[in-house]
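So, here's a batch of structures to check.
In the two assemblies presented below, chain A is common to both, partnered first by chain B and then by chain C.
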Partner chain A sequence: MSPAVEPLWTPVSPGTDFAGQLAALRSLPRQASAGINERLAALHGLSEALLSGAGSLREGLPADGLAFLSAFLRQDNLRSLISREVPAPGALSEFIAIGPRKSLRLLPRGLVCHWVAGNVPLLAVFSWAVSAALGNANVIRLSSRQGDVMSPLLRALAAQSPVGRIISDETLVVSFDRNHSEAQQAMSLAADVRIAWGGRDAVDAIRGLPTRWDCEDVVFGPRMSMAVIDPAIIKPAAVTRLVTDIVIFDQLACSSPQVVFVKGVPGEAGFDAFMGLFQEAFARQSAAFRRHGLDFAETFRISLDRTRAILSGGTVLRDRGTQWTVAIMPVPADGIDCANRFVQVVPYQSLDEIYPFIPENAQTCVVQLPPQDLATFSEQAAWRGVCRFPNPGEGNHFENPWDGIGLVSRLTRFVVRSEAGR
Partner chain B sequence: MATHGEQPLPVQPAETQELQLFVPGVAPFAMPPADKAVFLASKLTELLEYHRERCPGYASLLADWEQYGGGEGDYVQRYPFVPVTAFKEYDLRSVAGDVAVVRSSATTSTQASRIYIDKASRKRQSRSANLILTDFIGAERRPYIVFDLEETVRGAKAFSARGAAILALAHLATEFHFVLREGRDGPELDPDALHRALDKIGNAPFIAYGFTFMLYNAHRQMASLALPRAHPDSVLLHSGGWKKLVELAVDKPVFNAVVSGPWGLRPDRVVDFYGAVEQIGMPYPDCSAGYKHVPYWADVITRRGDTLAPASVGESGLIQLISCLPLAAPNHSVLTEDLGRIVRADGCPCGRPGKSFLFEGRAPRSEVRGCSDVPRR
Partner chain C sequence: MSETNTKLKALMADLFKCSPEELSDSTGPGDINGWDSLGHVSLMAEIQKQFGTHIPVEDAIEVESIADIVKIIDRPQEAHA
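The block that comes next holds the complex of A and B.
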């Protein structure tokens, strides 16, 4: 018996049960419905539509994520992300010679199922776009606690072009409670690729679902991020961009910096000048980007963490309410929850002081360092687990690879052919 | 009916300095709100400076508070607070030397609060609890049935939250009867001890106390016992969390019926009182209208989620507890993780003037959201 799931967006005739929808979608990518170039052009059209705010497209989409999404969907950006990983992108369209006797062809894996984190729904739009560009069919399960960000996009995409219509027809959007085990299992069993976004509990639950033996798992799980800044080379505009990286998703994204290591010592001119700019930017950007309403436990936690910072010997810079907090700490305090615009600043004099504080679940390290320091630090920090070293302002820009995972190779089948006649 | 409102209390003997906090002849809930505001502002200012001078950690917190302000509202609403969890993690004390430490129940948190209490604070706490409870259940001393183990008040255990709550009623007791024993799955009813107690008490009115869940469990077991009807002036008090009872779908009316039933008492003889280990000496019993009241030496503020601004009357918020009692540690103003609601600024049907409020349980834990994580090392 098929689990009861009411789709938010379905290409299959209304009334078809969930299992039937999954089966119908799974059969789609076995035929080449549209080529990579046409698909990239259709997604580019969606980017244009986002910029122009056509129709009701902006409804239901977080304003601060629109710019990210629009930039991400641009044709040149998607091509660049693909070519970073695939040396012969032409193989997405036809067999391409990759050596004297071998040709390569990349084909979609099939049905890609996305489980979306509750906090940053746009991240799933990113993985959906890459997957759709590569020709896969997609099922997107939104959290029952979040709004439907996908249907407006798919409606606009379908209206853009015939290929846009094809892509939207290859996408099913559903929302059901995480405890709806029948629906979870049906979706998991249908998947050729499972993409799980979210915290530890969420990704563990998805990984524990039954699946096909050859299903590929892409887990964008719980991570923490940081920044390393040399005040001697950072410009005021970059300070604002750094603060935007911290503020924009209320630090609920894995790529949001939680600790900022700043070269110097408090009381020193360079350090203090940076902190002045940083504090000003925090006040400004916190006002510019609306924060989600904190529940009682989150609100209590801010008060508690400010208290912890002070009682642990730190200095707290903050607003008069609960909007933002900068705690200057001698060393990172792990017990302090760096969420909801609460960041720790830790002074350092040598890069060697930072390495012991890079956790095993590190993801992004926003950097603004002189070239030699950047080379030294990125090599050392990468060995300790950091996956990305973006500039200030790029901390939350979804890119490929992400979490150290090359997405294109996970979402395609690599087919090789020996050339005849030799 | 207990003494409250305009009825003067008996003249008290000469006070020691630490007890000068209490105004002779003024009942706990009788001070008019305007007078109370002036009284509290004066006492709380003194207390703030007292703890600032003696507790360096608290002085640091005050420096932050004074730089960034205490937000909006009147003096008490702008008064600084310390989140209760800080007492689990930091050694906050305002007196040196050998003082007692009260610890919160280990069952409610992984780490217990450590609240320092010196002799002067203990006297204040005892007087405070005495005045408050006398106002609700009368000053007459009676036999005291304790739904707990006797060792809960022996030795170091007396400084547990349970031990402190039991002893808070000691001044009302002529004799103690502990009626639980250690069972395989924790404390359980000792029917023999209960019967011995009832034989001794006879038809006299008694008081009884137990932690909420323990009292409920014991009375479930008592339902099958043939007990004599209790004197109608008897009262059963309880405090503590409702979490386990909520899981059993037991609400307050059901609880009161289960607990009053075996005694043949009216359900309103079962009185829930709210309190926190960080504010010993400050029980908040339900009045006859089902609300809680604040004596003149204390205040209760509820604070909104998101902003921590004072919540309006009728609006749920995090409970901030303020009292003028603590001298050994800066726990005189604490932000709890409990939710409550000010029901009226004045005019409770029970007749007590001033603010009345409801305790609404522990604030729910945040839903874990997103892919952000804490550092894993």
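The block that comes next holds the complex of A and C.
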């Protein structure tokens, strides 16, 4: 049996020199501490350690998130995310010519402070990994009501290599109550970049804190996601992947579809065949992925929403308990809380019927459409706010850009130089 | 059976602690013990080590069978910046 993990995180309380810790991080000489390639290699090593399950590394990490995290930390994956945004990734190491007259150099911004949502703590690891790869120091504030996902990772990273140790030393994990205004302000004032994950109240509270005039804000706030499917082209395996996107994080992730628009009409062969596969996949995947224990209020809400769906003219497909619910609705019903494996299916015949129902805070739209429909729909839906159009199964894979934000640009300073003699 | 196919099945038999005879070209994720979501990432990592082939997340998600993996390994590699 592995020994218990000593937490690395620091509860910030009266008497803690939090401001001093922040100042120390800001003053770290990062210039030559480690280059981008060494940092990516260290994070790759962390992925390997996650896969091997060495020591107590997996303790405190949600099982379903491990696969996402270990895939995300692979060197090739991180390199791909960076190069997707930066025209000359070599500029992370040295000045690189961009055209005949100018060269570009990308440098870390400095100290990046992450405020993590209590309900999805793993998300912080994604923004931290990108930030650390780019050479920033990091402060991660965990909610006082969540588990410490970071300490096992930092320990493993430090044990991997000298560069892993550097990244670990450049990361401070803290925990304090959201009402601890002194700690909140100190962290905000120290930040060169503030990354806020969470709901409306949480991100508003962070944005309201005093900050440096040149601080960059990255807000991953409350978002809604959906899917648009043409049964004529979707394969059974892709139906399963679509359902996995809905089921895997109990729709706590903002990228989990809540409404699925399906081309056709109930009673038509194609629509009904899709719904048969969809229903089977829901039952199968709900059993395959463990769910958090529902409290009384959540259970009651599911029962209430099933009734609401029926009273709104919908047809409810469900299990005998409250494991999963598929409500086939004439239009999306606002009052239904699409959470805990409760999804609305809305038939459509023309893509134009969908646009009015795209919410202002749309994030992800999982799509499986013929090429021409995909081109038409994605252009229109992007103008209405949708930020991502992944295939089924990719819905919850954190990628760059996310929420329409290119992370590399926000976490680096772009330095430009005219070439000598020009 | 191609060299890639044989080598891949040997790798998978070792990784998932099963016999190569249990693995057919149509065997897919979930069909054998250990080939769950984390096992899938482990498999992709092993493929990169033994074949030198990076399988992007988007492709890894769409893998439905051993035959799919063989096709990915044997196709020309995408260049990374």
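The rule is simple: the second predicted complex is superposed on the first by the 404 of 422 C-alpha atoms of A that agree within 3 Å, B and C clash if a C-alpha of one lies under 4 Å from a C-alpha of the other, contacts with A are read in each partner's own complex, and residues count from 1 in each chain.
Here is the rule we use: contacts are C-beta pairs under 8 Å (C-beta built on N, C-alpha and C of every residue); 3 or more make two chains touch, one makes a residue touch a chain.
As the structure is a computational prediction, the values presented were derived from the model and not from experiment.
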Contacts of A:E298 with chain B and chain C, given as first, second, both or neither: first
Which of chain B and chain C A:Q279 touches, first, second, both or neither: neither
Partner chain(s) touched by A:R308 [first = chain B, second = chain C, both, neither]: first
First (chain B), second (chain C), both or neither touched by A:A67: second
Contact breadth on chain A, by residue count: chain C or chain B: B
First (chain B), second (chain C), both or neither touched by A:S83: second
Contacts of A:N391 with chain B and chain C, given as first, second, both or neither: second
Partner chain in contact with A:R241 - chain B first, chain C second, else both or neither: second
Which superposed partner A:L51 touches (first chain B, second chain C, both, neither): second
Residues of chain A contacting chain B in one complex and chain C in the other: none
Of chain A, residues touching chain B in the complex: 117-120, 123, 145, 197-202, 220-224, 249, 251-254, 256, 258, 293-301, 303-304, 306-308, 310-311, 316, 318-322, 332, 334-335, 337, 339, 357, 359-362
For the chain C and chain A complex, residues of the former touching the latter: 36-38, 40-42, 44-45, 48, 54, 56-58, 60-62, 64, 80-81
Sites on chain A touched by chain C in the complex: 47-48, 51, 63-64, 66-67, 70-72, 74, 76-77, 79-80, 83, 88-90, 237, 241, 391, 393-394, 397
Residue ranges of chain B in contact with chain A within the complex: 57, 60-61, 64, 68-69, 71, 81-83, 85-86, 89-90, 92, 303-309, 317-318, 335, 337, 339, 363-377
